[in-house]
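Below are two complexes that have subunit A in common, paired first with subunit B and then with subunit C.
After this line comes the complex of A and B, so read on.
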């Protein structure tokens, strides 16, 4: 399993998408830092600063990045024709899927830890440095880590469509974009129904930052867990049955 | 006879189309088995079923006596190296990096990667990415990946595609040496019939999903019936005279046009033919006896127009 995970990282060497994603996130954070710092009447403390920075990033940008990453890590195996050679090694289909889940999880976590660091550093060099304390730093760390770990679970079922399309990226990418935007638009009514909408309510559960959430945490966790497990099961079984 | 690789009534059906129809291939240990067939004949599908990347509709594949259908595939597959259709590697990585991935998964050492690259004539730790490789380099890397773990069977689908003549000769030599020195059994398919003729010990001819013939090259060469090419003033008259004098049938005649007549030689002396035809008033402009090539044999067996 560890070898498969190491290989997933090796496969992504020189992957431009990762660098583009980091660049996009950096641009967004620079813009948000500048905007929030400048809007003196609207944002007064570090809490409002990180809430604003994480807002669109975790609702839209990160899910889109993770969805496209998920599409790519599966589609690359088909496009490069490497999948059939992996099966002849042989590599277990279930383990390969699990390795890819772990890779996406780790990449998402790394991206969000970068966001966490960026938010804390930029808050320190803007007017919010006065309101930073260890508690708020830990809170940002928690929110970033939670987003980084939970969002991929909601996005992973996209892999079913990549496998169904045998590596064609057009349909899965369109579906990913539609899924992310629908989840964003229906964040409240979609709680417990759309997994990506449910993640918001799980991550910000009992928050003090003023984010409106659905308090039925069990329903949201169940929704996310069921869809994620179904995603893994379907992707693995499709791979097992598929002729290359 | 114990076969290293044996297909038993191997069948593959896609919807209503029978791609492979009850094929019984028998590959002996340490031999090079050439699989011949036109495009779409079913060669690649057979190979895919052998390595388990395509499901078997009916029948079975036995490798070292183990059933691919019933037994643990991982043990069988670890003894096989293959190239199926195209070599499959990650375009963003170099050749060494690509092999490194497969070596990691196979629990091999870096020295195995280096050794495999050296064998196929590719540089180790080169900075050139796979996406910038020529078709020949890609084939060589595919071959390196296939032999890296020292398999007992090599299944190679068109491995010399894209190689230049020197590259083809090198690979041919390498495969022969591998077979002789290490006792590796090789199943190879190719469109280049002369290559198979030079390389293979046994040839299986696949046509429309069926195995039409399985012959040992030595036996085939021994019983080779040549053909006689006649340039005559009246091929149709000549044909009738030959039928009458040498007990030939219409099936023995392969080609006839306004000036030329080609038929199976059946050990008939060309001098005798010329004498009889001239005596019968047919002018003979030329008479040559030609040896049948594997391509001719392929045409005869498939009843078609050759492999291309």
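After this line comes the complex of A and C, so read on.
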């Protein structure tokens, strides 16, 4: 498994997508920091600062980045017949899918740790530096790590469509946009139904920042777990049955 | 060449998926419109569904969809190696790019018009007694303007996708962020400068001053000029090869 994971990292090293994504996240955070720092009446302390910065980023931007990363990771195997050659070596299809899940999880975590660092540093150089304490820093770290780990689970089922479309990226990308857009619009009514909406309620469960959440955590966790497991099972079985 | 571009599109499921996004937007608007505030459904007010659909489409849907369509048309030629074959026939690279832009522009108009038709059904059913032709024509104009405006906003992103390998994903994320940041800048003084908000000033959704209207036009013109500049630099780079 570790070899497959290392292979994933080596393959994606040539891909500029992650670096461009980090650049886009940086641009967004710079814009957001400026906006929150400038809106004096609306945001008073570090809590409101990180809530605003992480809010839209984790509801909209990170899921979209992870979804497109997931599309690229699977679609790459179809290019230049790589998948066909891969089946000639003794690699289990289930293990291959699992290695990709781990890769996406790790990349998401790295992205969110970068966001965590950026939020803390930018708060330090803006008017929120007075209200930063160790407790709030740990809270930001927790939120970033939780988002980084949980969001890919909700987004992973997109891989089913990449396999169905045999590596075509356009349709899965449009579906990703629609999925992220829908889960954002239906964050409250979608809890326990739409996995990406459920993640918000899991991550911000029992929060003190004022984010409204659904308290039925079991239902949200069950929804997310079922869809994620179904995603892995369907992707693996589709790959096994597919004629290349 | 434009006809060829549409023939290529015909083979993909793209049109079906785009139609599905329109139906999805209709379902969202129907659901929201029937939500009540102080016992009254939102869609009781004539034009509420149109306003809501226009905002939602412009801030979240039009820009990423058009950016994806445009960048995919360009990327496809590179992915399948057809760009190399196109280079051996006496066609200027700028012309190939221009046709892609033209095709995206036509799809943007068609898509926004179809979105209007779908949303108009939701507006006509509860208000068939009070709705007028001029009211419908006003919103049809607004939808098309928003479609064109969103296309102009993402033009530089489409052009940039040529420089990036696997530009599809990047162009979608970039256009999504740009469109979404319009929500944050909508109430600020820079709103008419920001291309996504500029569309609202041009279509008349925001009642601004004449100076704001001109600024908005200027903002979209800059986007278009920027994309031409990017295309020209790519063209000269191709010619140098």
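The criterion applied here is as follows: the second predicted complex is superposed on the first by the 244 of 244 C-alpha atoms of A that agree within 3 Å, B and C clash if a C-alpha of one lies under 4 Å from a C-alpha of the other, contacts with A are read in each partner's own complex, and residues count from 1 in each chain.
FYI, contacts are C-beta pairs under 8 Å (C-beta built on N, C-alpha and C of every residue); 3 or more make two chains touch, one makes a residue touch a chain.
Please read these numbers as outputs of a predicted model, since none were measured by experiment.
Undergrad: Mind checking subunit B and subunit C on superposed subunit A, clash or fit?
TA: Partners fit side by side after overlay.
Undergrad: Per the contact definition in the header, classify A:193: touching subunit B only (first), subunit C only (second), both, or neither.
TA: neither
Undergrad: Does subunit C touch more residues of subunit A than subunit B does, or is it the other way round?
TA: Partner touching more subunit A residues in the overlay: C.
Undergrad: A:170 in the overlay: touching subunit B, subunit C, both, or neither? Say first, second, both or neither.
TA: In the superposition, A:170 touches subunit C alone.
Undergrad: Figure out whether A:5 sits in contact with subunit B (first) or subunit C (second), or with both, or with neither.
TA: After superposing on A, A:5 lies clear of both subunit B and subunit C.
Undergrad: May I ask you to decide whether A:137 touches subunit B, subunit C, both, or neither, giving the answer as first, second, both or neither?
TA: After superposing on A, A:137 lies clear of both subunit B and subunit C.
Undergrad: Contacts for A:219 in the overlay, against subunit B (first) and subunit C (second): which applies, first, second, both or neither?
TA: After superposing on A, A:219 lies clear of both subunit B and subunit C.
Undergrad: Just to be sure I read the superposition right, which of the two partners does A:15 touch: subunit B = first, subunit C = second, or both, or neither?
TA: After superposition on chain A, A:15 lies in contact with both partners, subunit B and subunit C.
Undergrad: Touch test for A:145: subunit B only (first), subunit C only (second), both, or neither?
TA: Touch status of A:145: no partner.
Undergrad: Between the C-alpha centres of subunit B and subunit C, what angle is opened at the C-alpha centre of subunit A, expressed to the nearest 10°?
TA: Reported to the nearest 10, the angle reads 80 degrees.
Undergrad: For the superposed arrangement, tell me the lowest C-alpha distance between subunit B and subunit C in Å.
TA: Comparing every C-alpha of subunit B with every C-alpha of subunit C, the smallest gap is 9 Å.
Undergrad: Please report the subunit A residues shared by its interface with subunit B and its interface with subunit C.
TA: 15
Undergrad: What does subunit B use to touch subunit A in their complex?
TA: For this pair, the touching residues of subunit B are 48, 51-55, 73-74, 77-78, 80, 82, 84-93, 97, 100-102, 104-107, 129, 145.
Undergrad: What residues on subunit C touch subunit A, complex-wise?
TA: Per the touch definition, subunit C meets subunit A at residues 12-14, 17-18, 20-21, 24, 28, 56, 60-61, 64-65, 68, 72, 79, 164-166, 168-170, 172-174, 176-177, 180-181, 184.
Undergrad: Spell out the residues on subunit A that touch subunit B in their complex, using ranges where they run on.
TA: That would be residues 3-4, 6-7, 10-11, 13-15, 76, 80-91, 241, 243-244 of subunit A.
Undergrad: Using the touch definition up top, name the residues of subunit A that touch subunit C in the complex.
TA: 15-17, 20-21, 24, 27-28, 31-32, 35, 56, 60-61, 64-65, 68-69, 71-72, 79, 168-171, 173-175, 177-178, 181-182, 184-185
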